[in-house]
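One chain, chain A, links the two complexes that follow: it is found with chain B in the first and with chain C in the second.
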Partner chain A sequence: MAKWIKFIGKRIIYMLVTILLISSVTFFLMQKLPGSPYGNEEKITSAQKKVMNERYGLDKPVAEQYLLYMAGIARGDFGISLQFGDQPVGKIIAARIGPSVQLGIQAIILGTVVGIILGIISAMFQNTWIDTSTSLTAILGRSVPNFVFAVLLQLIFAIHLQWLPIGLWDQGFYSTVLPTIALSFAPMADAARFVRTEMIDVLHSDFIELARATGIGEWEIAARHGLRNAVIPLITILGPMVASLLVGSLVIEKIFAVPGIGEQFIKSILSNDYFTIMGLTILYSALLVAVILVVDILYVLIDPRIRLSEGDEE
Partner chain B sequence: MSEPVRPIEKIPDHYFRLHHSEKAYENEAIQTKSVNFYQDSWRRLKKNKGAVASFVVLLLILFISIVSVWITPHDPNAQEVRYSFLPPKIPGVSINGFNGYAKQGDRWVDVYQQKQVPSGSYYYLGTDKFGRDLLSRLLFGTRISLLIAFFAAFLDLTIGVAYGLTSGWIGGKVDTVMQRILEIISGVPTLVVVVLMLLVFPPGIVSIVMAMVLVGWITMARVVRGQTLQLKNQEFVLAAKVLGQSPLKIALGEIFPNLSSVIIIQTMFTIPTAIFFEAFLSFIGLGMRAPSASLGTLINDGYQTFRFYPHLMWYPALVISLIMISFNIFADGLRDAFDPKMKG
Partner chain C sequence: MGKIKRKVMMLVGALFVVSSLVGCGANTSGDDASSNKKSASNLADKQVLNWIATVELPTADSVKEYDTASSEQIDIFAEGLYKINGENEPVPAIADGRPKATNDKKTEYTINIKKGLKWSNGDPLTAKDFVFAWQRLFDPKTAAQNASTYFNIKNAQAINEGKKDKSELGIKALSDTKLQVNLEYPDAYFEETLSDENLFPQNEKFVTAKGDKYGSSSENTLSNGPFVLTDWDGTGLTWKYKKNKNYWDKKNIKLDQINVQVVKETATGINLYQDGTVDAAALSGDFIKQYKDDPGYKKVLALRATNLELGTSSNKDLQNENLRKALSLSIDRNELVNNVLADGSRAATGAIPKGIAKSPKDGTDFADAAGNLVQHDSAKAKQLWNKAKKELGKNKVSFTLLTTDDDVSKDVGEYLQSQIETALPGVKINLSNVPAKVRFQKMMSYKFDLALGGWTGDFDPVSYLNQFYSTFEHNHAKFNDPKYDQLIDKIKTKDLTDLNHRWEDLLTAQKYLLDKQVVIPLDQGAENYLVNTKVKGIVTHNLGAPLDITRAYFVK
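== the complex of A and B ==
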């Protein structure tokens, strides 16, 4: 137990260091940003500008701003948006995180489930045309940029067939279908490829031969014995998967006009909204680091061969 | 004398046969030339039809994008607003959609005639909203995208190999510290770093490459370190040590050559990632600035007028997909060829 506390404690410390580092770097980069957050700078007088700067705390020395900002983060206060109607950044994020999380979860579930099925089928019919076509699908999923794929989906299902709405987030589940499919393509490809390799390994192992010898059918072997051994290692690629999902969600949210944090991020970047950019940057980093932590813990739980003390060799 | 001796003359003659001794030796001799690791891998790679085809496609694209420095049908940046949004027209082809005709309402109309383009001038893939020739821009953009990708992959390789080799080879405290640093950096989402860098630095090839390299080298460093740790304890390294070679020489002369296969494979996976990232950045409006074109900016431009002129988006999308697919299949093939155990 003590080992566990030490392991998790250490990981959490790294996590905090990473987040601290990112927020500091972000803060100082924001200072270097060309342009100013006031869109109509030439129209406002220097007196007005002074008032504004005072209001947002931009008149204080950089070091003081930094300390104030960091103290704010520690309290969960990310400052006030400079662009979007003076709302606190925390509030903007809270209002927009719902669609993004829903989209992300739907995409990762759809992607991994389809990927696992494809991977298993591919492995069971190794080196046949079925294998070739599923592998090709996986390569397509990894190669075709998701924004191309998203536009293709829009064209087919929204414009030509008119089955589903082309975008926006206003028709409940229906409007989530296309963005989910578009976003799930990459995790699907990763999962299919990974499960195929694992499954081929498992299907050639001795205990499967034994199961075969006892007369169990191929499908039952795959479902009962193969699946578990092939799918559990999938959690090791969950970290990279989530990272690529974050990237993907930006364009997908833009294309389908989803009111999520990805779309907000792009908007904030294009309008120099310092505090919102910083808040979202920290959020993204925290999310990724948290996923990596969970994956690491799950990994040790599942595979006892990995020693807990691995980081303690010194 | 417990066993009776069988008299030798009782064995019939036909039981005896001449022993062709020389032939036997010949059979045992190794007849094929010995193959080294790379010849062996090359042989396996050649058997992989997909990989060979992708390799040919990649060479072709590379060749075209180099040749197009000198030969393009039109100037990629020359604007001719009178001739905007022309449909593709290829000499000798009379299929609607490729002959200068476009659908207006329900009828196919010769747009070239409508816009009074002099006969004999062809835009093979049509023109964009400024009347720039899409084919020329596509050639130009492909070159920029490939350039960014190769440049980024090269820097990733250099930094990653140096870091990984140092960390793995020296080991001990140095390794621990270097790995902790790596761990902290790897918690940083690539997306965030790249976006921030591009906000701060002036847009252009160098900024995009730098932004991608900043976090991109980590995978390479990890892979190289892992491989170095494995090689470190092998006999040939021990032999070099016993013979008194300096640690630096062992690292560069003994370990580095044995890393080449993992380095090549990893690089082959880095290049398509870089191409994708560049396209992604351009698509959200942070990549190359006008009038320079890259595959990403072309797709983005095409997307703006996608409902009415879909071909402006499809052609660049097709090229980027083709490049990515070829790189991925080729990289898979290379990995299988170098490491047949890891097939998958």
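== the complex of A and C ==
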């Protein structure tokens, strides 16, 4: 137990340092963005700009702005969004993150479950037409951009069959089905590819031969011995994918008119909405390092070859 | 597959465009006002409009608003002294009658306000609410981005720059129903200016109580217009309007409720429209061609002038007038709007777009009165280019054309490149596609060759011409001609006493500008919509927001 506390405690400290580094670098890089954060840039005068810079504290030296911003973060104040009528960034993120997270979680679950099943089937029927067709599905899922799927899904299931809404966020779970499926193709394809390769590897190893010799059925071997081993590399690639899915997808949210956070990041960068850029960068990096921590913990739990050692490698 | 991918990519590209359009409109609403009476019996039982918007509502604070997305919405729940009707003319809204000039210079006016007006919370709406809102507009603490548009109000600029106290602003409440406004110089389009959302009244008690939160959600916003804003959380993709019981003209408001849904993807919007989920859709790109014969199609010309801007001050070659003229003559604007843009845009005929002003004498539109000042003539272009070559002493010139990196701007850039290079052998155009903020920055540094830019003026044609006034900051060409400046000064001051003469001077100034080819006008943008044919009473106009849905109603 003490080992665990030490392990996790250390990781959390690294996490905080990482987030601090990322946000500091972003803050200073952001100053290099051309133009001002004011939307009416085409018509604004320089005298007005000066007045507004004073109002928003953007006339201060960058170092001072940085310290003020960090002090604000420590108090839980993420600043205001200039493209959203000076509303607090925290409020904007809080209001828009929900749908993105919901879609992200649903897509990850659907994608990995289907992907793992496809991967196992592929591996079990290696080099048959079943393998070829599932592999082809996986390649398509990976290489065709998800907005193509989104438009096709919308066309087939909403417009022609009229089973599901075209878009909007007003019918509860029904509204989430098509965007979830559209988002799930990438994790599905990745999961299927990895699980297939790993399964084939594992199924040819000696201990599986031994299991076969004891007379256990192929499917049971695959489920009990193969899958556990095959899933480990999957966890590595799923980590970053979870993080990126949770923060939303610009295109999917646009196509289905979902009130998510996906578009805000791009929009804030294009409009120099400094505090929104910072808020979302911090959110994104926090999610990413948190996911990495979870992956590390899962590794220890799933793979008995990795053990918590007193010294830890470092 | 590649083809499908490209198509879908085009769709996605198109949606970036629609959100960036700024617009106003042409009057295409002949059916509306007149049919109002006779159709009263034909009214449908359910009067709930499912409306659309293409971007979120950035702010509901009328003072801070600076974009079409906000002004369109604010017009639904708030109202100012005047409003623009379907003929692009100002009519009294909150005001009782027209403004009365009280001095000879026409810089002091009194305006009466209707009696017994109320805010949606029941508070009385008085002249003081205008004084408060206007002072707030120029208060540097508010940081209102559109403040400079109204620097003609006495002391506004000094207040905005922190040099004077806001109490010195040229507005006074003489009584609860009487306002006095002082201007720096006369304004030929004073009533139109007063219809702008930034000059709407605000309730001091309410705004002060809400502080920084004012206009950030429906609870934090007060209405005085036909409808009350509800169910808006400040960032969401949906909100509603309910009929305002305290509105002075409520008997003419037939809709009980308007539900607004933001749909950014054009294709999704059209699907929702055809499915009956919403009563309107915004069109863009290829969809316009597809739906332009649909009975629900509506096009509204915007007052955005897109120009090929010339960095005359930094590029020596462009200082040659014959070369500038050759460039302009080599561009086929009809092909540009019909085949390249194909979005309902109008080929420019001058520096001032169509629909902004009518002749005081006979009501002719300014653009029609001016005639076509930007011809396409490849032969003449070549001739002038040959002359320019001799004058410049070289056979080859090359320019970098700066455009924003969205699909439409890139297409226009490529089109201009091919037109110019084909018509004028020896002229080389290099394209530089950059983010909008970078383009603005380069243009404001006055160091560029050619740039695809534009201007959306105010209510007065002179606001387009003023762009080339020597000391104006956004005079990207740094055009400096005392004769032109004098003419603009005259239009802005002396001419105000004789509007017919002013009209002539406006025509002269535009011609002077284009004779020297200080700028190369290209096109005038348009907004395109599909609207449920059962919905009547929508008013379209060029000035202000393109569509006014406040008096809309459903027929059976």
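Rule of thumb we're sticking to: the second predicted complex is superposed on the first by the 243 of 314 C-alpha atoms of A that agree within 3 Å, B and C clash if a C-alpha of one lies under 4 Å from a C-alpha of the other, contacts with A are read in each partner's own complex, and residues count from 1 in each chain.
Everything below uses one rule, namely that a contact is a pair of C-beta atoms (placed from the backbone, for glycine too) under 8 Å apart; a residue touches a chain by one contact, two chains touch by 3 or more.
This one's a predicted model, so the numbers in the text were calculated from it and none came from an experiment.
In the superposition on chain A, A:Phe147 makes contact with both chain B and chain C. Within the superposed three-chain model, A:Met188 lies out of touch with both chain B and chain C [touch as defined at top].
Legend: residue contacts after superposition of the two complexes on their common chain; A:Asp86 is shown touching chain C, with no touch to chain B.
Shared-chain residue A:Lys254: touches chain B and chain C both.
By the touch criterion defined above, A:Ser285 lies against chain B but remains apart from chain C after alignment on the C-alpha atoms of chain A. Contact with chain B, but none with chain C, is seen for A:Ile200 once the two complexes are overlaid on the shared chain.
When both complexes are overlaid on chain A, the residue A:Arg96 reaches chain C alone and has no touch with chain B. In the superposed pair of complexes, A:Ser46 makes contact with chain C only, with no contact to chain B.
With both structures placed on the common chain, the touch criterion links A:Leu270 to chain B and to chain C. With the contact threshold set out at the top, residues 33-34, 144-145, 147-148, 151, 159, 251, 254, 270 of chain A are in contact with chain B in one structure and with chain C in the other.
Across the complex, chain C meets chain A through its residues 1, 4-5, 8, 11-12, 15, 56, 58-61, 64, 66-67, 140-143, 145-149, 157, 160-162, 212, 215-216, 233-238, 261-265, 267-268, 271-272, 275, 277, 435-438, 440-441, 455-456, 473-474.
Every residue of chain B that touches chain A in the complex is listed here, in rising order: 172-173, 176, 180, 183-184, 186-192, 195-197, 199-200, 272, 276, 279-280, 283-286, 299, 303, 306-307, 310, 313, 317, 320-321, 324-325, 327-329, 332, 342-344.
Every residue of chain A that touches chain B in the complex is listed here, in rising order: 14-15, 17-19, 21-22, 25-26, 29, 32-34, 139-140, 142-145, 147-148, 151, 155, 159, 193, 196-197, 200, 243, 246-247, 250-251, 254, 265-266, 269-270, 277, 281, 284-285, 288-289, 292, 313-314.
Residues 33-36, 38-48, 51-52, 54-56, 83-87, 91-92, 95-96, 144-145, 147-148, 151, 154, 158-159, 165-170, 251, 254-259, 263, 270-272 of chain A are the ones that touch chain C when the two sit in their complex.
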